[in-house]
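Below you will find the structure I want to go over with you.
Naming follows writing order (A, B and C), and every chain is counted from residue 1.
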Amino acid sequence: MALLEVSNLTMHYTTRVGDVMAVDSVDFTLERGRALGLVGESGCGKTSIAMTILKLLPENARILGGQIRFDGVDLVPLSEDQMRKYRWDHISMVFQAAMNSLNPVYTVGDQILEAIQHHMPMKERAVRKRIAELFNLVGLDPAVMDQYPHEYSGGMKQRAVIAMALSCDPSIIIADEPTTALDVIVQDRILKQIDKIREELNMGMIYISHDIAVIAEVSDRIGVMYAGKMVEFADTHTIFKSPVHPYTYALMSTFPSVKGDKRELVELSGEPPNLIEPPLGCRFHPRCPRVTAVCQEQEPVFTEVANEHFCACWNQRS
Amino acid sequence: MWKVRVKLTAKSLRANWGMFAHSKLGPIGLFLIVFFLLFGLVHPLYLVYRGSDKIYDPVVGFAYDLLPEGNPHPPTLSHPLGTDILGRDILGQLMHSTAKAFMLGLIAAGFGVLISTLVGSIAAYFGGFIDSVFMRLADVVMLFPLIAFLVALSAAIEITLFKLAIILAILMGFGGTTIILKSQALTVKVKPFIEAARVSGGGHFRIILSHIIPNVLPLSFLYMMFGVTTAIFSEAILSYLGFLNVRMSLGIMIYTANDSGYLIGSRLGTYWYLWLPPGLIISLLCAGFYFVGRGLDEVVNPRLRER
Amino acid sequence: MNNTTVEVVDLKKLFPMAGGLFSRKVRYIHAVEDLSFKIQEGETLGLVGESGCGKTTTGKLLVKLIPPTGGHIYFNGSDVATIEGGALLREYRRKVQMIFQDPYESMNPRKTVYDIIAEPLVVQKVGNIVERETMVAEMLSGVGIVPPDTFMFRYPHELSGGQRQRVAIARAMVINPSFLVADEPTSMLDVSVRTGVMKLMLQLRKEFNLAVLYITHDLAVARYMCDRLAVMYLGRMVELGETEEVLQNPLHPYTKALISAIPIPDPTFTREAIPIKGGVSKPVDPHPRCRFYDRCPVATDGCEKLEHPPLEDKGSGHYVACYEV
């Protein structure tokens, strides 16, 4: 059984100007010890999915349907009290720009201590020992535990935040743009570190990023998101070498690379749509080079097109 | 070209009005202001209606028509709010004083905010020595002993409402509001579009006038509303305490009543028409401008808006 | 033979650091030091490096948003480094323009698209009202915002990120400059939108025969946009050469490490990252020796004792500042 199974998940926000369909009928699975990459542009819903899985939604958000099965248990109907047992202890998250949300007036060690004691009562000595363990795991010198965030470099802050997410031994970590603000060399090290941790602890990982190159290197399977819908889901190799959804194909062709042939980049016209009034039918149709009449009227269904390869398109590539 | 600009301005005014109307306090305040503005403007018509200036002039009139009964006189048909201790029609005084209060408030706050906006923007833009000078000046102004100054001044010259308006304008202009508007100007100054304006070739004054000030003005307008409240209220208190020698104002009305001993003990109830009408108008007028200010808060500060 | 539009010689910029409560000695950040390069007419030079390497500061120096501490900036032959204001500066601003990184914050939110693009024309007193309207409309079409009349009187918040950046490009180009400094123009745009803007810039570069300084931390983008690359580290240039040559055959140990760390969007490609210790710091009163010494995997005792290595031509215009190459 998969560690995490999301089926037909739908969530929307209510705003003064209308309902934002942030996540629409999304399906995917995550196996223990494997890494899933969610890739897409701004507003595609990748962060919203993470917040929905953890049920960390604001007041004006509502889950309209679907299931989130963690180890067989559906999280959707759980109350807030029940959810608290799952958050951090079983499913944990490194939020976008978390490294910038470290409280500047407390030492990093104190902040992790607070997070740990909030979830399991432990004596301070035991907690500090645990923090030292975690620091070693993420590649930080335990001695810096008692320093303040401003004394840490960007890479160190990110490692500290990852340590915090690991503190209660979760089985899944969701990392939302974990290396976006970091320089390339630091990014490389952190990604390697995260991968090492995943293997050592046999954890499931969900990476969220707009950077296809990063997703290519860290994920076993990839879900491509567009305007709140998942348009393609397959293993990494398939997504890059034989994508069938026109958006996936366009995304791959639009990314320059430092290695390989210097090929011509393909321009994608238009911009990602407004989620309050998304286009009728397939949400990608205004920008799609393969658009036909049916695309403008009916939303394509997310179906299995090959072994463990899913796509939602009327005119997919072959 | 200008046709399009007029259309655009109308469009943005309509959008802002929508937000303003949506706030609960704003429209109430606006109603109060418009009501009292009309109230004050109607005074000349009132005098015409009443006919006799000898009786109804707010400063030098005398209720000859009520003789031989004494003054102050409780409300009657010919004097709906009665007369004060010098026999002057109170309703007429109220109208006249309300109009003057508007003038005082708008001049004091208007010029005051004009000065703060300019000074704040210049200080923010140039920084360094100019900034220090204006900020130290603001510190001095905020500590200024207004009352002592006015007492001394009133011994030397006659302080009319207009002169008071100018004094308040200068104090408000170089005082605390400057610091607030300067910090707003600073948030604008560090934005990349200011650098872009410099790269386009803009000189200092073009950038200040065309880029920084327009982005500070919404906040200026907000503080102008609060400034009017401050001006009207300050005048009321200063007149009440007898520090001004204005001939007629809302504050003077209460001062006159108090000075002649009509506000002590049980007289407070009997002679309510001497202090309640002006007091009420001062409060409502100040509240009106304050509410408009609060209503504008949402328009000016996008972060306060509901999602 | 193309002319040299811009030549920078020994450019230097120091920023004083607050010394602390009791210290009297002022420390300096050596943001840019001993920087020299040329850009020909019609050529795009990429300035690449990690954060804090001095590339953005260099961009601002070349556009004269900040004054240099030392060195020369030759524009079409004349040294503009010491110009502070007046007619000379205005002349310079007619020829040299900049595109900023943030499409949201680089425009005054209270101005219409027309006002934004027309600003350089107004300030430089080019044309009358009617002529300007035509020029702005033409420019809008030129950057792919059509029909221009629909967009001219919109406000920035009504435009998408990609459209805003196109307007920014129109603003820079409307005055017909000969040199453009682009500071990370696509890094804040959505991925699917970047290509369009990049292609637009390439097209305009050809059309106007512009010299361009393209500042970016993304080497993949630099590969696509630039003819030559200059790699900066802690304020100094460590490698310079033709783009493909530098990317496929890097010589400086920092460049090698940097390129090896870039993720490749190809799951069949195995990448060998060259490990280097430590992280980037600020060049505060740096030691006169090579600034990469502390982290360099091939540093020798010689490197510790000698001054910072000069840029040397290692063959066919590929310059490196290293003793161990």
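Some notes on this structure:
The rule we apply is simple: contacts are C-beta pairs under 8 Å (C-beta built on N, C-alpha and C of every residue); 3 or more make two chains touch, one makes a residue touch a chain.
Everything numeric here is computed off the predicted structure, so don't read it as measured data.
Steps from chain A to chain C, taking the shortest chain of touch contacts, total 1. The chain with its Cα centre farthest from the Cα centre of chain A is B. The largest tally of C-beta contacts between two chains is found for A-C. The distance from the centre of chain A to the centre of chain C, with each centre set as the mean of the Cα atoms, comes to 32 Å. Averaged C-alpha coordinates give centres for chain B and chain C that are 52 Å from one another. Between chain A and chain B, the centres computed from C-alpha atoms are 55 Å apart. Looking at the complex, you find that chain C touches chain B at residues 63, 65, 89-90, 93-94, 97-98, 100-102, 105-110, 112, 119-120, 123-124, 129, 133, 153, 168, 171, 175.
The touching residues of chain A, counted against chain C in their complex, run 41-42, 153, 155, 183-188, 191-192, 210-214, 216-217, 236-237, 240-241, 250-252, 254-260, 262, 265-269, 271-272, 287. Residue ranges of chain B in contact with chain C, taken from their complex: 1, 4-5, 8, 191-193, 195-203, 206, 211, 214-215. On the side of chain C, the complex with chain A involves touching residues 50-51, 160-163, 190-196, 198-199, 217, 219-221, 223-224, 244, 247, 257-259, 261-269, 271, 273, 276, 279-280.
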